[in-house]
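You will see two complexes here that share subunit A, one where it goes with subunit B and one where it goes with subunit C.
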Partner chain A sequence: MEKYFTRMGDGEGIWMTKEEIKEDVLKGMETAVLKGKSQPLESDEIDRLIEILTMPEKNVSVERGHEGITTFDAGTLKLCVRQAIPIDRSTAVLIHERVLCSETMELCNTDYSYKAIKNIAAEEAMAMEHAQMSCILPLFYGAMPNMGLYTKPDGPVDNWSELLPSGQIKEAMTAQEEAAKLCIKDMIYVGSALAEAGACGIQFDTSGASGDADAFAALSAAKVLSEKYPDLSIIIGMANEFNLGMHGKLTFEGERLAGQYPAKQVKSAEAAGAHNFGVVINTNSSRSFAWNLARSLTYVKEATRVAEIPVIVNVGMGVGGIPLTNTSPTDATTRVAKTMLELGKADGL
Partner chain B sequence: MAVMHEMAAGMGGIRTAGDLVARMVMKGMKIGPAKEYVANKLGCSIFDLTDSAKMKEIRESLDIGTILDRPQASYGMAAKIKIAELLDIKIPCVELFKKKIGI
Partner chain C sequence: MSEEMDKQALLDEAFDSIIEADELRAMEVITKAEASGFSLEELLRDGFSTAMRELGDRFASGEVFLPELIFTSEVMKNVAATIDSKLDTGEVKKKGVMVIGTVAGDVHDIGKGIVASLVKTSGVQVYDLGREVPAEEFVAKAIEYNADFIGSSALLTTTMTEQKRIEELLEAEGIKSEFKTIVGGAPVTQRWADKIGANQYCEDASDTVNYVVKILNTETKMI
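Up next, the complex of A and B:
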């Protein structure tokens, strides 16, 4: 029986038959249907996904007309810091604009947390003003809420991850509420400084990384900024396909945040006045690429079905079906891109 | 990663009309209506938006910046001032710049 080269969720190359691939596609989809209450893929969509997964070409691309926009989190961190190319951040912006031909770019700090940036907000604002003078593409500023940074010993608040295992539930909830207040204040402060420096938009990346209170903080800050600066674009990018209920009872605009899957997360983002929603589905490295892509696609399709704002799929290392490796293979990466835009009906990546 | 996604699924940035469509998506417009809006403003078809040969001519004629610099051509802020007028939108850095120079 013919076997096709594909991958595991950690990037390792494997060979599977079409039947094995189909079996994993169905299992991945069923996971998203059961856990996220997503609608299952139609049979023609399943067939098309299997076709994409088994295409003989090494790299694939979308059919004409299905192109979307590209956005970035940790934008200027990639070339200047992680790849150690000795250039200024504003040069990285221009490389993305004129060499890589990205649709948008994001200016950011190495310590990618709003709490850390508070101390250098004026300098970051100046960097934004300078970068905006020479670039043409839309330039965001972005960072993470990273609410865990407000816990002792780095911050003033008790650590809910220590309180919860010791049964101090009320104390853990109070600690998260206190941390969220501080986090919201910092994000509004930094977001305002960058908005007034001419940022095209503000990105709240990896929202919900510390649980539902972290997501609550990002949504609350987004709401304030979207009302304060009507021309500022806001992207809320998530940390997970599921809001962890570390607090459990927090609501935003009447909706409980704990346990939200992408189709509900995007509605909260809309209620916050966000213009774009960055859906995240984490890759399971011990499952196949087919399983992960089908699962991610099912979640994305459900989010785009209900969304009134554009849905941008996070497709970096270890999310959106992309294998969990820092050097994601081009065969898998391009298949994810094609699948998310053609079948997932996403507006961009 | 950026190269792979842009080649596989991106519109082409300022090589085509990708940055212009992105500006409308950033306003909360879905990709289909955003493409339609930009095509109408440029006076071209939606198909043309990702055709780099066609868009080079359009971008040069409108002087809104391309990937290759040319003498006397607009880039950076000058190009964005024209883009804001073309798309009939407010671009925050353009508004800030105008305020600074008193226009």
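Up next, the complex of A and C:
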């Protein structure tokens, strides 16, 4: 029986038969249906996904007419920091615009948290002005809410990750509420400074990384900024396919945030006045690429089905079905891109 | 038939009392079971504990949240203690001790904290060593606390090698067989566990609880 080269979620190359791939596709899809209450993929979509997974080409591409926009969160970290190429951030923006053909781009700081940036907001504003002088693409500014930074010893608030295991539930909930208030204040301050320096948009990256209160903080800050600057584009990018219930009771615009899957996350983002939603589905290292991609696709399709704002799929290391490796293999990344744009109806990557 | 129905009604009531975190109701079920001569061990195993497993599954799928789970685990702890005190037997299941931490160089501790919380709910004594814990400290604390399990979490491909160091240190000390080592974290897999000689890879908190309980249920000690 013919076998096809594919991968595990940790990037290891493996060979599977079409039947094995189909079995994993169905199992991955069922997980998203069961947990995220997503609608299952149609049979023709399943067939097409299997076809994409078993295409003989090493790299694949979208069919004409299915192109999507591309953008980069943690944008100026990619070349200047992670690849250690000694260029300034404005040059990195231009390389993305003129060499990598990115439609939009994010200017950001190495210390990728709003709390850290508030101390250097004036310098970041200058960097934004400088970059905007030479680039054409819509340039965003972005960072993470990273609410954990407000806990002791880094901040003033007790650590809920320590309080919860010791049974101090009320104290843990109060600590999260206090941290959220501080986080919202910092995000509004930095967001306002960068908006007034000419940023085309503000991104809240990896929202919900510290749980539902972290997501609450990002949504709350987004709401204030979207009302304060009606022309400012707001992007909310998530940390996970569901909001971890570290608090459990927080609501935003009447909806409980804990346990929200992408289809509900995007509705909360809309309620916050966001203009773009960055969906994130984490890759499971122990499952096959087929399982991971089918699961991610099912979540994405459900989110794009209900969304009224553009949905941009996070397709980097360890998300969107892409294996968790330091350098993402292009056989996997191109298949994810094709699948998300053609079948997931995503607006971009 | 009627006896079977009564038994099932008691189990259902025990199950519901935990799902609703209703300690008063749980204690009433124990009293009822005692009065009708129903096995308290069975009530614990098939009623109360089944509900905790159900809650663990609901937590894994995002239907139940950490504060609720921890609150319920306090109820469960009291239920288990009450039943333990009423059981007239010298043989009880070993409770178990676990040391857990995020490995050196890694500050990601939310997942580790959730695992620690859930393992506690199964009655295991958990010592959370925190984050950025050197391999030497995992081993030293496991010896100090007479641990049964050593749980290490790594969220980065660059820090997961610390888990290998724990195994190497245990081997070098000649005490590898005294502990069950559990590895977890986003880049970690069973293949990695096999490669470094860890006893088990656990995908998430529920998986860890299931493994720990399975191991403890196969080991009993006399008190």
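The rule is short, and it goes like this: the second predicted complex is superposed on the first by the 349 of 349 C-alpha atoms of A that agree within 3 Å, B and C clash if a C-alpha of one lies under 4 Å from a C-alpha of the other, contacts with A are read in each partner's own complex, and residues count from 1 in each chain.
The rule is short, and it goes like this: a residue touches a chain if its C-beta (ideal position, glycine included) is under 8 Å from a C-beta of that chain, and two chains touch if they have at least 3 such contacts.
None of the values given here were measured: they were computed from a predicted structure.
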item: Partner chain in contact with A:Phe72 - subunit B first, subunit C second, else both or neither; value: first
item: Residue contacts on subunit A - larger count, subunit B or subunit C; value: B
item: Which superposed partner A:Ser233 touches (first subunit B, second subunit C, both, neither); value: first
item: First (subunit B), second (subunit C), both or neither touched by A:Ile136; value: first
item: Which superposed partner A:Thr325 touches (first subunit B, second subunit C, both, neither); value: second
item: Which of subunit B and subunit C A:Asn276 touches, first, second, both or neither; value: first
item: First, second, both or neither for A:Val306, with subunit B first and subunit C second; value: neither
item: First (subunit B), second (subunit C), both or neither touched by A:Glu103; value: first
item: Subunit B residues within the subunit A interface of the complex; value: 1-16, 18-19, 21-23, 25-31, 34, 46-47, 50, 64-65, 67, 75-77, 79-80, 83, 89-97
item: Touching residues (chain side subunit A, partner subunit C) in the complex; value: 8-10, 12, 34-35, 148, 161-162, 164-165, 167, 169, 172-173, 210-212, 242-249, 258-261, 282, 284-286, 318, 324-326
item: Subunit A-touching residues of subunit C, taken from the complex the two chains share; value: 61-68, 70-71, 74, 109-110, 113, 116-117, 120, 126, 128, 157, 186-192, 201, 203
item: Touch list for subunit A against partner subunit B, complex; value: 59-62, 64-72, 78, 96-104, 129, 132-139, 195-201, 229, 231-233, 275-276, 309-310, 315-317, 328, 330, 333-334, 337-338, 340-341, 347-349
